[in-house]
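These notes open a run of structures that come right after.
Two complexes are shown next, each including chain A; its partner changes from chain B in the first to chain C in the second.
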Partner chain A sequence: MGYASLEPHLPSSHAPLLPPGTFLSISDTQASDGNFLLHHFISNYIKADQNVVLVGLAGILVHYTMVGRKLGVNLATARTKGNFQFVDGLTQLTDYAAPNKEYLAKPVETKPSSTTTTATPSPNTTTSTMGARIARPAAATATPPAPPKVLSYSPKLVDLYKALEEIIQDTASKTTGPFQKQLVLILDDLSVLLNCGWPCRDVLALVRYLKLLVAKVNGTLITLVHADGLMAEEVSQDGLVKGVFYEADYIVDVRGLDSGGSRDVHGQLSLLHGPGYLLRQRAGQVRENEWPALTLHYKILDNNVEVFAKGYSSGVL
Partner chain B sequence: MSSFKKRVPSAQASLPAGCRLSAYNGQVLISTGVPSLDDILGGGLPVGTILLIQEDRQTSYGQLLLKYFLRQGIVAGDKCVVVSGDESPEAIVRSLMGIAGEESLESQIQSGVDNRDDEDEERKERRERRKKAIAGGAGADDEDSEQDRLTIAWRYSGLKKFESGVEARPPAISSRVNKAGSTTEPALTPSQIPFCEQFDLTTRISAKALESADTTLIDSGELQKTVQVGDSDLEDESDDDFSTSGSASAVGRNQPDLYRNVLDKIRETLIQGGFSTTLLKDPSAPAPAPGAAGLAERHICRIGINSIASPSWRSKTPHDLYKFLHALRGLLRFSFGAAVITIPAHLYGTIDQRHATDGSTTSPYIHRLEQLCDASVRIESFAGAQTNASSAASAYHGLFHVHKVPVLNALIPSSTKLSVLLDGAAKGSGGPGQSGSGGSSKGVNNLGFKVRRKRFAIETFHLPPEGGVGQRRTSAEPSSGSSSSLSERKKSSSSTKASSDPGPATGSFKKAGSSEEGSVQSRTRSLGGSSFNKPSGQVDVHSVPGASGMARKMMGLPPKGIQGAVASGCSTGGSEAGHKHSHGGAGSGANSSLLDF
Partner chain C sequence: MAPILEKIMAGKEASPFILVKDSLEQSGQVLGLELLSNSPSDHAIILVCAETAPDRLLPLVKGNQKKAIVDCYSNPLGWVKDITTTSTGTSSNRDAVSDSTTTTITLTLRNIRKATKAITDLIISQRSNFTIYFDSLSQFLIASVPDTFNLLRSITTLLTDTSRIIAIHHEDIPDADSFLPNSTSKPQASNSLAHIATTLITVKSSEALRQDQEDFRKGTVTAKEFCYLTVHGNAWDSAVCEVEHKRKSGKVAKETNAYHQGTPTGKLTVVNVWDVVGDMPDIDKMDLEESQTSDPAANLSFNLNLTEEQRKAKNDTVLPYLKTQESTGAIYYEPDAADDFDDDDPDDDLTI
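Our next item is the complex of A and B:
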């Protein structure tokens, strides 16, 4: 499981998973990285044998695999099983990085346009950086044959959406059985899209589209966006954060303590109700106390995260 | 035999030269050339990451760090890619520092001078002074032997020595001397290349090292000119391509895309040198299996970019730099490479932010850059700052802010586990289990940096003791009539010891080295003109090692000063000294008896 102490504070109706058709938005700051929450959901969904599609716009597969190992999930086997799909949004996302494609090993077929996903077969080394390979050579060689899908550059975000749509429907269609598996689509850093030059409006549209797309296949969308107070002056940045919040059902805001750094408390988590939740609450679709909005403190450990009520850190008690 | 066998780290042998594995997450690390910066990053800069250094104003310590990074790369035989626009990259490479002890070796061997120990200048000064004191003994005080046995603050003598910095591992001087003795310098095997060499800022890189260095120089200023010329021709054809790209790049489309060109060059270097694990020189050829055997001969590609986004770097859109960094990260993550980038961040602030001193206020533009880098530090030199800190802490040259440390393949950055400088808990009074039970309210230390004649060091930043120990001491110096007798008394005991056996004497001196350094610094600081406000109780806590010396100094003070010290409740020893002094007046007998209590 992910982090046991965080579990009771998350929406309870489908615990340990999120209710399907919802959108959880995570915002963080530089001082307190919200990446650990993504690991929580990845490991929960994989443990529950559901589908995960992870778009790594900032992180690479090895990072998630290594952390997954610490949390007790093997993402490599999940990939071979088809439960876990990693989409590489780092190496070819921008026009600057687009020429990388030409140097990839053994391009068997050249796609007619750069707009679609290029599932270029590349050697096993694609999935391992040096650290992993040197530390555990055996694990690296055991990586699944399928290379991660790569999001390649396109001036229009619509093309990225199409690429993701293809992957998601592919993943969802694989598991049409008597009972449909849940799916979670995780975008690990929405701010990257904004930084790489796509206008805020387009990024928000992408989020909205993805939310609807995922809802269709009994899935959940999780995004991470950087929301430092410092950058709130910028119109596009502020618009992105607010726009994403507006779409969200659940909001988890991660930030540092107002009083500064601490050894025992790394930051605080504010669990908030998004507009989507409030609408459903008014319609009577949510149970009472399904997701109480409150503020918690957390401390990140080696392979766990402790979440506790304010003032209940081990340093105080 | 028993089944217990010592595990020989086999992976260690196959590491590229000058690398080591992180003790925390097994990441391959390279050194930045500065031991204290390595410590902050969690042992070193992880391969595949980008370190952003926000430059200082009016001084060039940021570039100094970049030079350390490149110089260490040359030592390890790494590929160095130098990108610069303001200065020519060649000038940067030429002005790299030399290795400590290397330059002067020949002359040293001939003349027999021992300056191998290029430790702190102050320490050497102390030694010379001490020698003089032993030889001449004319009024110079002999504190060293006294500091070994604390007479007044004896209860502190059991404490660990206060250290604010990180010791560099001493290089194998002896082996280097031997090596220089035999003129044919054999190539070091990868295991012999030190992770972090000791450099000497007073010397320049030797011509031989410069020759053997594997560097690629990219002059972005030159590149810009050529690009501009090239683009003007191609503008018409390329116009269509540009117009299709999104609205962001529609602005200023006939300007050259400098960042793209720089990135292309870096990519080319990475691919041609075989540093990339995914991108191949010849895509059609079958991928060679990167075996562990090949790793030992492998080198790292170090990319140093000087003053990126300075006014001479023209960008097409504000997103150019973001895209550049994102693409560079994508490249490096799958390469045997690491980048250090300095940026004149102070150019990108609003006016009030530019003068801000605390680390939280960087401009939004820089802040977003930090998101795209793996580590980010900021140098704030006192020379360019309008802060009071500069006058208060002249022992430092500036502050060192750590904004971000690399978090790779783990939930928490390895520096929180390993760093001595960042987290007081790692070193503090407790053992390894101490981190769980929090004592201090703040886990992160303030850091400052010093540039001595020979090296750059980052240390934990402390304000000097208010008023300072040295203030009283220096004021006492002229009227040393009373203390001369006692120093004579002391001398008679210590000089006999020292003259009979110089070996132990120097040994004891070395032990007391760091504490002495502290007292010397505080003296020079107060000489520098910091005002003597009021003696406070904290003074003694800070200057524990020098406490006995201080009590002696206090006797030379006018009674008024002593009254002040007593009133503030400095320490029991201090107050007693005050009483005795007022009883016995300026009599030397009273003073010397006082020292013996």
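Our next item is the complex of A and C:
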């Protein structure tokens, strides 16, 4: 279980997982980080022995591993088992990392006829047919998990999409059989792509393509985007948040309290109905009270997050 | 008199271009689909899906008309080579669609001009009156504003007597021009669209209007912290619609109506906006109360009234210069002892 007090508020049809083929969008602010929600889902999916593909654009694997440990999941074991895939989208996303390339994980030259990888006796390397630039581990198989795949710089976001597409199809293909595992693709976070210079329209298109891709493999998409009021004046930031809200099936908005900071309540968490939800409701695809629109308060503890109704903080009662 | 929205929904008011303006807070998609479902039975329905998956939109269009789908949703930027209209994981109930066969063409939004050609060709191939439905013009506008207008113009040239365009426009999504510097000098796409539309329906959430009314009643404005979407957003039971309808005669009908739904999947009924939002405080009554000011000398701690004697004395005082107020305007000059009075005209020596 991730956070027990959050569980009752999430859609219950596939609990503790999310319904496949849907898109959950988390928005947060500088004052209230929405990261804690991602850890909840990572923990739930891994404990349920399903697949997680985590694209760390704003965080490194060590961070997720440490938080995972507090929540009772061992990400290293999950990686060896093949349940958990981490994609490093932080270290080499922009070409600013180029001068320091020798200090970073080596992305091997990924021409289709890559001789370096085929030379090593590794029975399980899947040959990449596309020219997507993904770092392939020099040593394959064996008990130590391969270093995470790295997303390297490309001026066009379509290359990033292709790299992710390959990883996802790879992961999904490993679990064939009677019980197709559910997959969750987590992007942490989208605002990084905007800040690195890709245009808002491309980032929104990436979200659309990933949503469609993930739905084909019985999966769910979860993204995190920053939605501060101060950023709303900037057209691309504003456009990104609104675009993501229009695409999403479920929206969770994490915000600071209106009245300021507090020791017992760290912020508010709103489950919102976006335009997508209204349409699904009209089509009758939504069960009653599956996702009521409400605002809750939360408090982050050392190895748990308490979510409670407004006014019911344990500091008050 | 039936609300104008009801007449438009029933088709009693002809309108070649219906524009539904909505926002994150209240989606106009439900209203748009209802308008579409009421299309005449001889119309071919063309669904241009840019924001919703076709298999999610199609079942929501009731009616037995022939349907065609323009799928701009599955491959908006052409990143995927071989694409067939994808399903979003939910079962596409193709059986629910009646015996009409549906043609589907997939387009990218990279080049709106090519898309325009494809759409106009599709319309011409239908060879009948048509209703074309854009589930989001914003996806087109974010690509190119002028090309989107050209697309609409090209479709307008193909409109017959009863054919029409129904389009949803999200007024809060920036268009392509907003991303460029100095965008404030360009005309806003929103306004330009409102110009060419014959019916403009702006959808707002009922809760927002209720809160405005509360503020008006209290005389204050509640401070709202910034957020993109509130918990009251996209309520399924009702919404307020501000309708501006331009008739062929040139008259413009402007009304605020509302719609109400009994169940999330139920029928839409047009109602009076006050039924949904609650009674508006009577503005005329409030104005009248203010103008009938009560006696200002009533509740003071000191006495401003006059006794009878004081009133008589007041009326009897002779004000100085009262005589002059009644005179003709002639100047009465009475020189003092110090004045040097001279009867001569000082201007005599002038030879003008």
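Rule of thumb we're sticking to: the second predicted complex is superposed on the first by the 270 of 317 C-alpha atoms of A that agree within 3 Å, B and C clash if a C-alpha of one lies under 4 Å from a C-alpha of the other, contacts with A are read in each partner's own complex, and residues count from 1 in each chain.
Keep in mind that, in the parts below, a contact is a pair of C-beta atoms (placed from the backbone, for glycine too) under 8 Å apart; a residue touches a chain by one contact, two chains touch by 3 or more.
Keep in mind that what you see is a predicted model, and the values were worked out from it rather than measured.
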{"item": "Touching partner for A:Val305 - first (chain B), second (chain C), both, neither", "value": "first"}
{"item": "Greater residue coverage of chain A in the superposed arrangement, chain B or chain C", "value": "B"}
{"item": "First (chain B), second (chain C), both or neither touched by A:Gln237", "value": "first"}
{"item": "Touched partner set for A:Pro199, first chain B, second chain C, both or neither", "value": "both"}
{"item": "Which superposed partner A:Gly21 touches (first chain B, second chain C, both, neither)", "value": "second"}
{"item": "Touched partner set for A:Gly260, first chain B, second chain C, both or neither", "value": "first"}
{"item": "Partner chain in contact with A:Ala48 - chain B first, chain C second, else both or neither", "value": "neither"}
{"item": "Chain A residues contacted in one complex by chain B, in the other by chain C", "value": "199, 202"}
{"item": "Residues of chain A that touch chain C when the two form their complex", "value": "20-22, 27, 158, 161-162, 199-202, 205, 208-209, 211-212, 215-216, 218, 227, 229, 232, 235-236, 238-239, 241-243, 245-247, 251, 253, 255, 258, 270-286, 293-295"}
{"item": "List of chain B residues in touch with chain A within their complex", "value": "11, 14-15, 21-22, 25-28, 46-48, 244-249, 259-260, 263-264, 267, 271, 276-281, 283-284, 286-287, 290, 292, 295, 317, 319, 322-324, 326-327, 329-331, 333-334, 336, 360-362, 364, 367-368, 370-372, 403-404, 407-412, 423, 425, 435-444"}
{"item": "Sites on chain A touched by chain B in the complex", "value": "30, 33, 35-36, 39, 58, 60, 62-63, 66-67, 70, 90-97, 99-100, 102-107, 122-123, 125-126, 128-137, 155-156, 189, 191-192, 195-199, 202, 226, 228, 230-231, 233-234, 237, 260-264, 300-303, 305, 313-315"}
{"item": "Chain C to chain A touching residues, read off their complex", "value": "22, 24, 27, 29-30, 33, 51-52, 56, 59-60, 73-74, 76-77, 79-80, 86-90, 136, 142-143, 170, 172-174, 178-179, 183, 225-236, 264-265"}
